[in-house]
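Please find the structures below.
Two complexes, one shared chain (subunit A), two partners (subunit B, subunit C).
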Partner chain A sequence: MSLALKELRRRPSRFVVATVVLSFLATLLLFLGGLLDGLYLGSTGAIRAQQADVIVFSESARDSFLRSRITGEQRATVEAAEGVDEVGGLGFVLLGAEVPGESEPADVAIAGYEVAPKGVPEEPPAPGEGIADDRLRDQGVSEGDTILVGPAKSPVTIVGFVNDTSYLQQGTVWVDLDTWRSVQNANRPDAAVADDVVQVLVVRGTGDLATSIDTATAGATSTLTVDETVLALPGVKQQKATFNQIIYSTLVVVLAVVGLFFSLLTLERLGLYGVLKAIGASTGRLFRGVVLQAVIVAIVSFAVGALLALAAAAALPAGVPLQLTPARFVSTFIGLLVAAVLGSAVSLRKVLKVDPASAIGTAS
Partner chain B sequence: MFLALKEMQRAKLRFGLLAGAVGLLVFLILFQQALLTGLINQFIGALKNQSADVLVYNDQARKNLEGSIILPDQLAAVAEVEGVAVAAPLGESTFTVTAKGEETDAVLFGYELGGPGEPTTLIEGRLPEGPGEGVASEKDRADGFGIGDVVQVQPDGVSITVVGLARDINYSVAPTLFVDFATFEDAKRARNPDATEILPSVVAVQVEPGADAEVVAARITAEVDGVEGLTRQQAVDGSPGVSSVRSSFGIILALFYLVVPLVTGLFFLIVTFQKASALTLLRAIGARSSKLVGALLVQVVLVMLLGSVLAFGLYAGAVQGVKNLGVSVEVMPAVVTSLVVLVLALLTSLVAIRRVLKLDPLSATTGAGVHV
Partner chain C sequence: MTVLDMRDVRKVYTSGDAEIVALDHATVQVDHGEIVALLGPSGSGKTTLLSIAGGLLTPTEGTVVVGGHDISEYSPKQLTEFRRENVGFVFQSVNLVPFLTAEENLLVVDELGGSTRGKDGKARARQLLDELGLGRRMKNLPGQLSGGERQRVAIGRALFNNPKLVLFDEPTSALDTKIGEQVMELIRSEMKARDTAAIIVTHDTRMTHYADRTVHIVDGRLESETVEAH
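Then we have the complex of A and B:
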């Protein structure tokens, strides 16, 4: 054990290049993961924040908020369905908004609600007032501002902020249903809704809600759990699959790189290992040394890589949806460690085969 | 030369691991490059491959087609601007449609037949000549968007017969149809009977012969209230997500390109160190250093070649998995990438070559023979 550590301390140059390569790979892993998280969190915040059991879409909407329409009549049917306790309407409209004192318009999603999502007051704000997502602070919005939404310049006064509720990379402004309707109808006359119409219903209740609701409406609705709704958002599922594929492939590269370097190092030390074995060191002990070195190299690389990734994140323009979450750091760290240990295991065979008797013969 | 090959044969695990690592890295580069081009084409192909020189957005829309609407008097005002030959409405929206008996998402672009905004990459069939006809993307041919297929907008809306196919005209990664503006209006009304008025998303402008699109676009922005004129290329580059996707993938790719030569460079440096005594001996018995360097270079090229072949196999396989992005296996970019990576690897192997050149044949006579 202490031999492995001593080597690291006395001959760090041996490990420098491997550490540099692994650091780059760690940065890559964090960067890829951060992009995935940024895209995911920024797209789905408004849905993940819903404190509901299921979300009811109209049947022909193919689980798209913008295309879904639930009429007052359908709502009454849903309210009467078995197991339903509480029903609230919800609607989104994506628009640009003028922010006082800013030359660039901000991207906003005006969301009308009845059943409050996490962090938003139970009682919707007064008409014409809204609770903004923190993301809008970056675009110059502050409390008390009146933003002018859309081409019709509908005024909405910001009376508070909430964290992590953005929708499709746009900062959500939570308003009451009537304000949402008036903003939507003024700015998107082609998507106008009547007074009792909402896009979807958020429902709290017990039992098999999806089945009981869709049965009650005779198939006019399509009911999803909140998790299913998140995955049904455009692009979310594909992004996850593609990025994860790239991340796993990169981990395999880490494994190959670690395997390569440590098998080379081991090769160099075979003679030495013969001597050590001859004086009584066990294979296990020698191999533990190799694994220990791989783990330390991985830890150092992770630290360097994390710093590089943080620096890159700080240097990037705000438009890049990169979010480095603690969970991503932890999972990347674990991934690196596992790949390092597995990679160093490639040398196990070599260490096993070292014959202590070789120490007596030639020096090499 | 023989020595170089023999060494690789005897140390299969070592060289195999290296070729494997290189292969995976090159694969990741190829795959992400394809993904980047595919994604961008799928997101904004429809904008890139339509005939309007200038697209006029609502200035609140932040260059987002989905967020833009044009009021009737804005459309009229754009037509009056100097340098504008034709100004026609262009509408874009996503619908639920039934194609091949199944419900799916589809984007409709409604343009004035014969006017600006028509697809320019037609490869089969013809452009629509009346209501109820449309041009679809060649990529979605098999999914119920082939010539002669009928697509119906839900719920119970207009039916559109596909009469032509064009390349790379998708928008937002969904199947896309270019139809007559009146058909687009009908589709919108079917989806939302409460709609008070169907407005175009943008104005498609054809500039007068000899006029510069960029100048006309700037003039429209300056002269018409509440709109932003963009040339076709500006509209493509400014589309939401395009620049951020480009810059994030740019960084990722740069890192991958860095890692490949680092891995190979280090590998050959270590191997050279290990062989130092043997190489010194070879020099002492008369092998010229150019021969030793040659052997090293042969190994670098072979490893990179093996890695590239492996990468190409993986790439061809992985591309099947993202077919819905319209990514196809292209040989040329793959060859270029392999060459770039090979050159980078040869550059970093210079460190190992320097080491070989510094070997002193004399030291073979002094016993140990290695100065590290």
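Then we have the complex of A and C:
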């Protein structure tokens, strides 16, 4: 084993090419993962923050907030359904907003709520006031500002901030339901809502809530868990699938690079392996050395790749939705290690086939 | 006492329908401290004989007993262990690990056995290299050593585990005559000092007088023996 380590230490130049290539691939993997996480977190914050068991859409909405409308009557039915403890209305409207002192409008999602999401005060702010997502700070919003929302320039005064609650890449402003309705009706008259109407209901309770609610409303509602709601958001599933596809393809490239590189290295060493087998080295011992080298190359590459990714992330403009999470570092590290072990396994056959008798009777 | 006892050993290779007899009813005994030169043209079967004696190949027929172990029926795994514990090898070319120092090349034997003797191993490696006149070259890589020095390191490695039998495959073929003779002289004195049996394969008749006797091999058959006068 220490034979493999000594080779790494004394002949590092032999491993430089593989390490450089794998470092770039590690950076690429972290970048892709970071973009996926950034997009995912930026799209879903407002839903992930919901402290609820299920979310109730109208049946015809096909799980879209935009299309969903729940009437006061339906709300009463849901409140009476078995297992339901607490019900709150929720509605979103996506608009641009003028920020004092900024030439560019900010992208905002005005969200009316009753049951508070994580980090937002239990009691909704007073009419005309809102709690803004941190993301809006990047667009020049600060506490005390009154932003003018939409073509109707509906005023909302920012009275506080909350972290990680953005909705479809827009900074959410949490307001009471009536403020949401007035903003919605003033700026989207085509999609105006009546006084007792909300988009969806946020429900806390016990038991099989989805079934009991949808049964109580005789199929007029479609009830999803919070996780299902997150995946039902437009684009989220597709983004995940697309990025994961690219990430897996990149891992296949890692596998190919490690496989090819260590195959070549093994080919170069066949003579030496013949001698070592002749003097009593087992195939297992020699092969473990190859795997150990691949794993160490992968670890070094990951470290270099992680530094590169962090440096690149720091240099990127704020608009790029790149988020490097600890979980992404861990999963990328594991992915690299697995690819290194599998890739180096390609050399096993070659090491196995080395005949110790080949050491005798051969001149270099 | 006999260290190597090969009786009626045949080795047959099949290639398609054809049978190639590499070794035909070979019988050889080598005693403790005895040095046997194996002389023959290329393709005569001397490599095969050496490989079978060292447990690198198994015979098609016949028995091979080395230091009391009958290895004729050993599995590849048993042979690996047998070689590690009982036989020393000196090959003609790719011999030393290029990125290890002379001292470490000896210690490789220890490492392959999985049981590092630590300080004892190091002390033994140093003592051996000293004996072989390489006391000042211990920390040198093979690339920094001359051909003769490299072969001396290889001899040290072969002796590291105190084997009963050491096999030399054309140990002087890459050396000029003068250095070759020095190496042969060293082989002889080391084997005699340790009472270790040795077979030296060569096609160079100038080297045979360093052996106690010479066995000629032609077309897989052992032909004649010459006893050297010392």
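The rule we apply is simple: the second predicted complex is superposed on the first by the 362 of 364 C-alpha atoms of A that agree within 3 Å, B and C clash if a C-alpha of one lies under 4 Å from a C-alpha of the other, contacts with A are read in each partner's own complex, and residues count from 1 in each chain.
Here, a contact is a pair of C-beta atoms (placed from the backbone, for glycine too) under 8 Å apart; a residue touches a chain by one contact, two chains touch by 3 or more.
This one's a predicted model, so the numbers in the text were calculated from it and none came from an experiment.
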Between subunit B and subunit C, more residues of subunit A are touched by B
Fill in: Touched partner set for A:Ile360, first subunit B, second subunit C, both or neither
second
Review point. Which of the two partners, first being subunit B and second being subunit C, lies in contact with A:Val330: first, second, both, or neither?
Key: neither
For A:Leu260, decide between first (touching subunit B), second (touching subunit C), both and neither.
first
Give one of first, second, both or neither to describe whether A:Glu7 is in contact with subunit B, with subunit C, with both, or with none. second
Once the shared chain is lined up, is A:Ser282 touching subunit B (first), subunit C (second), both, or neither of them?
second
Notebook entry, point to check: So, does A:Leu352 touch the first partner subunit B, the second partner subunit C, both, or neither?
Noted result: neither
Have a look at where A:Arg188 lands relative to subunit B and subunit C in the superposition and call it first, second, both or neither. first
(message) Tell me the contact category for A:Leu272 with respect to subunit B and subunit C: first, second, both or neither.
(response) second
Dual-contact residues of subunit A, meaning touching subunit B and subunit C, are none
Within the complex, subunit A is touched by subunit C residues 47, 50-51, 54, 56-57, 77, 80-81, 83-85, 88-89, 91-95, 97-100, 104, 108-109, 111-114, 157, 167, 169-170, 173-174
Per the touch rule above, subunit A residues touching subunit C in the complex are 1-3, 6-7, 10-11, 271-272, 274-282, 285, 356-357, 359-364
Contacts from subunit B onto subunit A in the complex sit at residues 13-14, 17-18, 20-21, 24-25, 27-28, 31-32, 35, 58-62, 64, 66-67, 69, 71, 93-96, 103-105, 154-155, 172-173, 188, 191-192, 194-199, 226, 240-241, 243-244, 247-248, 251-252, 255-256, 258-259, 262-263, 265-267, 269-271, 273-274, 318, 321-322, 324
In the complex, the residues of subunit A that touch subunit B are 17-18, 20-21, 24-25, 27-28, 31-32, 35, 60-62, 64, 66-67, 69, 94-98, 104-105, 107, 150-151, 169, 185, 187-194, 197, 234-235, 238, 242, 245-246, 249-250, 252-253, 256-257, 259-261, 263-264, 267-268, 312, 316-317, 319-322, 346
